[in-house]
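Quick one: this structure, given as structure tokens, is what I'll be asking you about.
Letters A, B, C, D, E and F mark the chains in the order given here, with residues in each chain numbered from 1 onward.
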Amino acid sequence: MQTHKAKRVEIIIEAPMERRLRDTLSKAGVTGFTVLPVLGGSGRSGYWSREGQVSRAAGMVALVCIIRPERLDTLLQAAFSVVERHIGVVCITDCEVLRAERF
Amino acid sequence: MQTHKAKRVEIIIEAPMERRLRDTLSKAGVTGFTVLPVLGGSGRSGYWSREGQVSRAAGMVALVCIIRPERLDTLLQAAFSVVERHIGVVCITDCEVLRAERF
Amino acid sequence: MQTHKAKRVEIIIEAPMERRLRDTLSKAGVTGFTVLPVLGGSGRSGYWSREGQVSRAAGMVALVCIIRPERLDTLLQAAFSVVERHIGVVCITDCEVLRAERF
Amino acid sequence: MSGILGLAADNLLSPIILSFVLGLSAALARSDLSVPEAIAKGLSIYLLFAIGFKGGVSVADHGIDLRLGLSLSAGLLMSFTLPFVAYALLRALTGLGTTDAAAVAGHYGSISIVTFVAATSVLASQSIAAEGYMVAVAAVMEAPAILSALWLASRGGRTGGVESGLWREILLNGSIVLLVGSFLIGWATGPEGLEEISSFIVAPFKGVLCLFLLDMGLVAGRGLRGSRGVLGGGAVTFAIIMPPVGALIGLVLGLAIGLSPGGLALLMTLAASASYIAVPAAMRVALPEANPSIYLTLSLGVTFPFNLVLGIPLYVAIATAVTGG
Amino acid sequence: MSGILGLAADNLLSPIILSFVLGLSAALARSDLSVPEAIAKGLSIYLLFAIGFKGGVSVADHGIDLRLGLSLSAGLLMSFTLPFVAYALLRALTGLGTTDAAAVAGHYGSISIVTFVAATSVLASQSIAAEGYMVAVAAVMEAPAILSALWLASRGGRTGGVESGLWREILLNGSIVLLVGSFLIGWATGPEGLEEISSFIVAPFKGVLCLFLLDMGLVAGRGLRGSRGVLGGGAVTFAIIMPPVGALIGLVLGLAIGLSPGGLALLMTLAASASYIAVPAAMRVALPEANPSIYLTLSLGVTFPFNLVLGIPLYVAIATAVTGG
Amino acid sequence: MSGILGLAADNLLSPIILSFVLGLSAALARSDLSVPEAIAKGLSIYLLFAIGFKGGVSVADHGIDLRLGLSLSAGLLMSFTLPFVAYALLRALTGLGTTDAAAVAGHYGSISIVTFVAATSVLASQSIAAEGYMVAVAAVMEAPAILSALWLASRGGRTGGVESGLWREILLNGSIVLLVGSFLIGWATGPEGLEEISSFIVAPFKGVLCLFLLDMGLVAGRGLRGSRGVLGGGAVTFAIIMPPVGALIGLVLGLAIGLSPGGLALLMTLAASASYIAVPAAMRVALPEANPSIYLTLSLGVTFPFNLVLGIPLYVAIATAVTGG
């Protein structure tokens, strides 16, 4: 089938920052994304898991955003402004999509 | 280690369509996939999150399917027949797998 | 923005094996990863979903690990030693990351 | 009239209504208060199980009468026909297209089980008895409206073919199965069965309902916030006019059947309430072109609070007045 | 015999059994009714906590006697040896390979705590007292069978080395820790402790058990549907013969120890029941080659319903008959 | 003194404390026992709703007096100033940097609602009455400490600008809204409202608290295990000294206001307790450089158990002693 080149950006970030990331993306005109739950993880700040948390506050989420290649930099700039001081990871992959008009 | 080329297809779709997507994939001979939960998202039909839902009905799920490159088109055709009239996203990435005999 | 080449490895594995996989990765020096929940799936051993499970025991999880290309083989070797006798999938994608010093 | 207002005021000051108001206010004020999805589903399983079981026990206790069959038929009839009434009203009051109007209409033929539960709890607190089998009437009213909605939508040019598998899904949806199943269990085990588990399904019932309505308030409030601008005044008017219209039809049928005051009030409540679980799920599959914001906001954001706060005391007052109960 | 049938019929009409049947039917009819995973886990935490606590309080109340040590030893002995009996039966009745047969055998040496809970609730409704420490016997029977299963599997050529870490995992698995822990809490706080929380752990207990068994029915039904064709008649026969065989061994040991009628019925139930939580998890790690569909379906889909519906009333009847209680 | 030790011993043997100890031990022994996140959140919604509601009912019952305003002011004052006391102690006792010390200090100005709940339940079991509005005092003490912490951190060179939106988030955080909301509902519906739902929010309360504390024990234990090596002896000393220091300030203010013995004990408990929900979430956003392991471990792993086991009986004993109650 006919597919179109795009970029898939995955941002793993602390749950209390999710709303801010969403707001910043919206302001940058990025309105398509999906948020996935995260059970636990490990990084420079050690290992954590939901089980060891009193509240959702200390958990993380993964935000996946598929975007046209030419808009990637806008997205990254916006995301970086939020992620900068915080823990978390930003990972970009080449991908292809059906229904390009959606992105 | 020895790896083999494959395609990773990610389909984000409304939860009430999950069973139909699975059935259609099975009929097309696609029997390997994994379904991940989704917390919320945003797209042309606006922002939603599980919190704002009375029932799981209005939520979405992400189905990830790793498949041999030559079978990609069969998969996309099948997926498209389900996704067509519905909201959601299909995203294809090149990938490599261990244990190729599994796909 | 400035990005750096990396590999994204996704390992879908039985939940009771998660701790072992984590321990093995740690021993191999892989200390950055994220664990996502899985709702269900299908493979050679048939279809399963959380709904049909008495305990979390029989479920699966997805571990995502972003790693420098040169360390990929160490990771795969470690992962394979755990996954080998078990069901599950290992999938590797090329990706790019911000803040390379983190990986 | 002042009696009705008094009832409404009493009703307003019940912990149940105030919990709903708390949830609604919290959501509108954008608090992050939320009830986990699993807990909300757990609470609704509890409520369905308890209400079904108690209905069955009451049938075991008082026996079934001829009115059972008539009531079930009345429920079926209303579920089939109310969507046509709703559709006509929608076309008159709003600018909604065929598909959206049909989808909304389907919701108003079906029922809201929580509205039903709230009504039973108002009746209980006023010691008004009702036929136990009204729970079964609620169950049969869930699905038929979907058929009417799809038929209405198909007139608008949509193919309207209902995919095989959808019917099983609708008829065997979790709420119906649990409600009917626990009704049958209650019927089979009777008062002794109830005694065994009454400190689980009777004593804490109202408190659980409070927490559930807290969550309903949160969801309704989030829905209202998210759909600002989607709805015009006409649609909102519809969502307030339709419940009394439905209740009136329920009243006429219920009187004809000869229901008790409590049963009458419940039949009116069923007719007046709108679905927000079974029908939306079916519409996502069968009418994906219809906009979910519209039907969910009307049903959950407008009609549900209306019935909870004003509708139920009104229906109870009218039912007791006309039956002289 | 007719007494046993009468008991079985009574048992069949209890809300607990009917809730299980409702879940089973819903799953077999492919309804989408489901209990969220978190709720199911929450219910099981409640049940384990309540049953452990009440067992401990009863020990605090009646004191321990010499039979406590003997009962624990009998439990350990059965958990170690029943897998060999099961393995022999499996090799005789089915065509399962060494690994699969060993994995299944392990499940039948261990126990199902919900079956135990259901038995205590049948005893309670017939006012038959039982030793409080039977809860501790249940706890010690969870794990040893795993060792026997791995030994059986290793004979079939598998290396069978049990990875370090697995033992801690098995012995400190959540259910055992919660059961033993709440047993100790109940013992320490005694009847005053129970009074403080009895309206939480005693009054609503049976109702919670209903919802839990509804979910067990759903899971068992989905399991049965998913594994059509996997199991032959021989395997199913095994899953129905093995429980009475285990119960018989439990009866002999319990009589030798001199347990009360209630304690005897519980020991028989423990011996007759098969694990579906602790052992499957251990098998996924230690015997990944064994097919989970086989052991889960037999244990949860066949043996569990058998014990729930026929086994328990049978064991209770026999225990009271032989002790003349 | 021996009276206090006796109380502490009694307290130690309550099912509530023992459940916490069970959770703690299970986590330290690396058992996989865990309470699903959704259940833990559901339990805390229940506790907040029940404690708020009962507080409101008690105000409806006994009326408000002049002391209400004074108590709220005292709460505000303490929440603002305790962080400065804590900060000074931290700089004296530990080598923590400005940001980490400020973040920790903020936690000790705010409160732990579960510690408060545990204290009310100790009071209830000793039949010591307390002012119902202490729940409102708890609510106002949640947030102000955050402001003090950010101010302290900003002195250390950080910009400290509090992002718009964070304040709404802090003031409308779920716990505060639920606590204040259910307090108002309880106040509005009064004793009749309580009667309607008391078999839900009164009878099973203590049992639910047991399960919640089981989970708190698990979380605290996992936290302690995960943060070995992060904390020095100085920090741990702080986490044990700060509660009595806070309680002393609470005692002085409470005596000045003229609170009842129960109210006094609760004000001391609030002052002594440290936040582990509202403040950590705010710190993740506003002070991401601060290390969460430090503040969570001190608050949840050291101060919380200290208050639960020793602090509360101590504060209750002192409060009753000084008021001669």
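Note that a residue touches a chain if its C-beta (ideal position, glycine included) is under 8 Å from a C-beta of that chain, and two chains touch if they have at least 3 such contacts.
Keep in mind that this is a model prediction, so the values were computed, not measured.
S.K.: Stepping chain to touching chain, what's the minimum from chain A to chain B?
M.R.: 1
S.K.: Select the chain at the greatest separation from chain D, using centres from the mean of Cα atoms.
M.R.: For chain D, the chain whose C-alpha mean is farthest off is C.
S.K.: When chain E touches chain F, do the two copies use mostly the same residue numbers, with over half shared, or different ones?
M.R.: Copies use mostly different positions to touch.
S.K.: Could you please state the distance in Å, as a whole number, between where the Cα atoms of chain D are centred and where those of chain F are centred?
M.R.: 41
S.K.: Distance-wise, how many Å sit between the C-alpha centres of chain B and chain F, to the nearest whole number?
M.R.: 45
S.K.: Counting only Cα atoms for the centres, state how far chain B is from chain C in Å.
M.R.: Here the centre of chain C sits 18 Å away from the centre of chain B.
S.K.: Using mean CA coordinates as chain centres, what's the gap between chain A and chain F in Å?
M.R.: Chain A and chain F have C-alpha centres separated by 34 Å.
S.K.: Multi-chain contacts in chain F: which residues touch at least two other chains?
M.R.: Only 34, 36-39, 41-42, 199, 203-204 qualify.
S.K.: Out of chain B, which residues touch more than one other chain, so two or more?
M.R.: Only 36-37, 47, 93-94 qualify.
S.K.: Please list each pair of chains that are touching.
M.R.: All touching pairs, sorted by chain label, are A-B, A-C, A-F, B-C, B-D, C-E, D-E, D-F, E-F.
S.K.: Across the complex, what residues on chain D touch chain F?
M.R.: Residues 13-15, 18-19, 22, 25-26, 29-39, 42, 125, 199, 203-208, 210-211, 214 of chain D touch chain F in their complex.
S.K.: Quick one: which bits of chain D touch chain B in the complex? Just the residue numbers, please.
M.R.: Interface residues on the chain D side: 34, 37, 40-41, 163, 165, 216, 218-219, 222-223, 226, 276-277, 280-281, 284-285, 288-289, 291-293, 296, 300.
S.K.: Which chain C residues qualify as touching chain B in the complex?
M.R.: Residues 10, 12, 36-44, 47, 49, 60, 62, 73, 76-77, 80, 83, 89-94 of chain C touch chain B in their complex.
S.K.: Residue numbers of chain E touching chain F in their complex, please.
M.R.: Within the complex, chain E touches chain F at residues 36-39, 41-42, 45-46, 49, 53, 168-169, 172-174, 177-178, 181-182, 184-185, 188-189, 193, 196-197, 199-201, 203-204.
S.K.: Applying the document's contact rule, which stretches of chain A touch chain F when the two form their complex?
M.R.: The touching residues are 14, 16-17, 20, 45-48, 50-58, 85-87.
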